[in-house]
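Paired with subunit B in one complex and with subunit C in the other, subunit A is shared by the two complexes that follow.
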Partner chain A sequence: MRKKAAFSVLFYILILGVSLVLLFPFFWMLASSFKTQVDIISWPPKILFNPTMANYERVFGEQDFLRYFYNSAVVGVSAVAVGLLLGLPAAYSIARFGQKRLSVFILVARLMPGISFLMPWYIIFSRLHLMDSYVALILSHILIALPLVVWIMSSYFETVPQEMEESAMVDGATRQRAFLSIILPLSGPGIVTATTLSFIFSWNNFMFSQVLSMQKTKTLPIAIYNFVSYAEVDWGAVMAVAVSIMMPAIIITMIFQRYVVKGLTMGAVKG
Partner chain B sequence: MIKTGFVERNLRLLFPLPALIFVVVMMLFPVIYTLFLSFTNWNLTSGMPLRIVGLQSYYRIFTEPRFLAAFGRTFAFTGAAVVTETILGIAVALILNREFLGKGLVKLFLLLPLVATPVAVGIVFNLFYDPTIGLANYALSLAGFPRSGWVSNTATVLPSLVLVDVWQWTPMIALIVLAGLAGLSSEPYESARVDGASELQILWRITLPMVMPTIFTAMILRTIDALKTFDIIFAMTGGGPGYSSETLNILGYKYSFEYFRMGQSSVILVALFAVVLACSLGIMKLRGRAEA
Partner chain C sequence: MRKILAILLAVMVLSVASAQTKEIRVLLANHPYGDLLKSAIPEFEQASGIKVNVEQYQEGQLSTKLATEFASGSSTVDVFMSRPLQEAKMFYKNGWFQPLSSYDFSDFPKSALGLVTFGSKVYAVPIVTEWQVLYYRADLLKKAGLAVPKTFAELEAAAKKLNSADVAGFASRGKGNPAVTQLSAYIYSYGGNYLEKGKAAFNSKKALDAIRFYGKMLGNYGPTGVTAMSWDNIMPLFQAGKVAMWTDASVFYGQIVDPAKSQVPAENVGMASLPAGPAGSKPYFVVSWSIGVSKKSKDQDSAQKFLAWATSKEMAKRGLAAQIPMARDSAWADKEVLSKVLPSLVETRAQAAKNGMPYDRPYMSAVGEARDRIGEVIIESINTKGASANLDKKAADMVQKVNELLEDTGEYGVQ
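== the complex of A and B ==
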């Protein structure tokens, strides 16, 4: 009995330790975003301090910060929408007609280093005068969303029984009609998984936006990177930016926790 | 006989067609273009028209010490990160693989590093690593060790970067292995317990062999991504100090978008792609052997 109690205590200490390691960087980021520069550079580092909103006021006030937020949202939402539009029918076709080679071809986009298409894009988009345009940025982010949609949805459609659309087709509906009015409404969980995951990956993307966007279409990850490149780092403001960037993805993750886990782990477990 | 419309008869072609065209235009064509450029000496800033020079750019890059160092460093970074993440990830998964109060919360904690913006994560760790005000040196001083330069010192920069990758991506392996463990059948366990096997024996002889395929798949996914690691390195060190943390991806980026030597950068990109492909195939082969 005593051995069991000791084990239980040890177990919770382990759990606590794991949680602490996972959360500490977030905690420190959050704390620093409410510190004055003096508190941040004080030695030894301060755990207790007088919180200030000044960093957030400075970030949201002086910089074009809301615009970067808007850019990130527009690019993310558009890329995911087009990714679903192109990816859902393709995933359905792969699942129902067993188009293995096609699915491998699209998934190669996930394997390839992004920079091996980014460099040609840069040349092509420059020629077409599409640098710093939403079009170029959204096109590049679709290539993040599309393989995820195809990957997640083709295995999801496989779990939806064939009889679903077959009975509708017996009643005279075409297959494309059955796909739209029977299969898609049944696929909510899969679509939520694909949508949240591809939005988060687009939101966090740095390399594509760093090359293809400039002043007009700059997204949040580029904004924080430029913030640090200045000679003296305004750590409080930078941490306030970091908190603001991560918050939407974290909130989405909290709401759709189950779906995000599924999306991140699915293919691996299936085999 | 049932008459079917044109769309329905050609559904298997029409449904995937838009996605297929997109991937061909946005991925296949650019990759072929990169391959083509790797046989040229094109330099965007020189203003000279591009000239096909055969393998000359390959020769130039493959004899460049900076490339060779980045090549080796890419493997060192990936090996260190993936091995550490796999061991820690399995350990965390085994700890969490039971019912306990607050399990849902801990699983949420595991998700947070995975969805945190990598550039921002890198910058937060730069605050930790700051030699004069950083917590990392404060922790060292509390433990009685001398201060370290962390990412500002050529000797410590790579392990410091690996540490960030380990923090961010160990949860991925843990979650995958955890999902794998949840799918195991309970039969072998019952008969092992009847036979009086110890917990450790059960772990080594039953649990680990059964989740091995899942572990290998998690390793493939992590290896592919670790080889391509860009955001944290670029944000934290930009490949420095000097060239000491340049990986193939960082070097390819610099040759493309800082020096605009497109011919030579294409060679680096081809090399990076070959490395990613070879490593994924290699691990897949190992996995096949483990399953046999």
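== the complex of A and C ==
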């Protein structure tokens, strides 16, 4: 019993140590977003300081950051929606009919360095006059969302007992009906995981948006550079943007954390 | 029904009309001059009737964007800012610049034009210049009974005296690649150069003396960890009062005397010309930004009109009045404008424009790789406080590697 108590104390000390290391940069970012430039660079670092909202005012007042939020949200939500629409049936088919080659093919598309797609995309989209449009960005972000959905969901669908849809089909349901009414409702945690992860990856994507977006469709990770000028960095504003960008991802993860862990491990164990 | 038809017709007429107004796409950098142009563009639109779609990006993003768009061959960019030292040679070689044959360049310093001239043609208009200066803490020098250093020997003596546990006597970039630009002025002031006649020459006696001096200064009196520092690490130290003297580009002056950004009161900060070495004081005097027209622009006429406006004498005066060190000579001769400019900016500029060198790095296509190689020599020198027995050999090795880079791009031995 004593041994167990000692072990759990050690365990919590370790957890605390690891969390401190991991959370310190986040704390620093949060604190800096409320500091003036002088306080940010002051040495020794100021733990106690006079908080200011000036950085956030600069971000949301002087610059139209709500628009960049809107852009990122439109692109992320649409790409994930299309990803689910196409990815769920694909994943089901891969899981039920053992189309391993197909799934490897999809993985390869994801593993290829994203930059190799950019040049052809740029040529195609500019010929189609789709540059600086949501369509181009959404199409490119589908490449982020779709393979994730397919991979997470195909291993998840394998964990759903085949007997359940078979008995539905015995009762006269078509395969499509069984998929929609039996399999999908049972796959909630998996779908939440795939949705959350692909949304966050799209939200954070820098490379595709950098080339395919222009002034109108600029997304958040690009807009953060509005505060990095030639030979000058507005650290306070950069920190304020970083905090604001992280918030949606953190909130989504906190809400769905339970499902995400479950969804990921279920897929992993089944393999 | 008829109503709908009428509306449709009206919409069609309107869209045709709007297609007829000329439109150009302009890419600017996040730079004070980019900000100035952006805010002034409505004046141009009103006067010319040309609609300007302006986009503004951080320099790294701008560079990637331009390169991707131009390489794809279907770019819609008409006018764009770029960095001559970093990109001009590559852009020119790829044929992305429209040569500016009818532009009047008589108002620009010769050294500024050298960077954007290839063959007999000029390919971009220099906008802003920068030069190396010595920033110093007037209060600390005064307390130690020292005058502002005028020679490298005085610089070393002052650094030694000012160096303490709390304040570094001297700072300059120590991180290999970025340090190359700051070391350049030291090499020039010792009488050396990175490249001579198209061949790497930084293992000459003069260049090595400069590299050793730079290493000795930073190794002995530099801030802790200086070999990992570029301007973005050193400036905050200076602003926090932890550095007594600092050599870097003139562009930082505004930020270190701004009470919203610096803990050091502005009256304690001074700016002077680079101290003189054995060959005199030879800072770099470079064009940091230029603006040009894309070869692929479908409306060359409107693009040229915009360029002429954006680089006009009038805009140069407005820029200089806002403390942006413009390239045009006429702006620096205008008494009314100069009355608004910080005197030390005017003085150091006059010295640098007269004695300065137009490059702050080996000017070649593979400049990034070459800087990495030279950076290794700089770090070796700093780590050994300039006393490394290996330095000559290391420099000779790196000279060989830079020569190979020059050969790869067909620039070896070409001037």
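Observations on the model:
Note that in this section the second predicted complex is superposed on the first by the 238 of 271 C-alpha atoms of A that agree within 3 Å, B and C clash if a C-alpha of one lies under 4 Å from a C-alpha of the other, contacts with A are read in each partner's own complex, and residues count from 1 in each chain.
Note that contacts are C-beta pairs under 8 Å (C-beta built on N, C-alpha and C of every residue); 3 or more make two chains touch, one makes a residue touch a chain.
The model shown is predicted, which means the values in this text are computed figures rather than measured ones.
Annotation: superposed three-chain arrangement on subunit A; subunit B versus subunit C shows a clash. Residue contacts after overlaying the shared chain place A:25 against subunit B, while subunit C stays out of touching range.
In the superposition on chain A, contact of A:215 is made with subunit C only, not with subunit B. In the superposition on chain A, the chain among subunit B and subunit C reaching more residues of subunit A is B. When the two complexes are overlaid on their common chain A, residue A:127 makes contact with subunit C while staying clear of subunit B. Shared-chain residue A:119: touches subunit B and subunit C both. By the document's definition of touching, of the two partners only subunit C reaches A:36; subunit B does not. With both structures placed on the common chain, the touch criterion links A:232 to subunit C but leaves subunit B unconnected. In the superposition on chain A, A:66 makes contact with neither subunit B nor subunit C. Of the candidate stretches 24-32, 186-194 or 222-230 in subunit C, only 222-230 runs into subunit B once the two complexes are overlaid on chain A. Judged by the document's definition of touching, subunit A residues 41-43, 118-119, 122-123, 211, 225, 228 lie at the interface with subunit B and also at the interface with subunit C.
Interface residues of subunit C facing subunit A in the complex, by the touch rule stated above, are 29-32, 53-61, 64-65, 68-69, 71-76, 231-232, 236-237, 239-240, 242, 249, 251-252, 255, 259-263, 288-289. Against subunit A, in their complex, subunit B makes its touches with residues 4-5, 7-8, 11-12, 14-16, 18-20, 22-23, 26-27, 29-31, 33-34, 37, 44, 92, 95-96, 100, 102, 104-121, 123-128, 132-133, 135, 138, 167, 171-172, 175-176, 178-180, 183, 213-214, 217-218, 221, 224, 227-228, 230-231, 234-235, 249, 252-253, 256-257, 262, 265-266, 269-270, 272-273, 276-277, 280. Here subunit A touches subunit C in the complex through residues 36-38, 41-43, 118-119, 122-123, 126-127, 131, 210-211, 214-215, 222, 225-226, 228-233, going by the rule given at the top. Those residues of subunit A lying in contact with subunit B across their complex are 11-12, 14-15, 18-19, 21-23, 25-26, 28-29, 32, 40-45, 85-87, 89-90, 92-94, 97, 99, 102, 105-106, 108-109, 111-124, 139-140, 142-143, 146, 150, 174-176, 200, 203-204, 206-207, 211, 220-221, 224-225, 228, 235, 238-239, 241-242, 245-246, 249-250, 252-254, 257, 260-261, 264-265, 267-269, 271.
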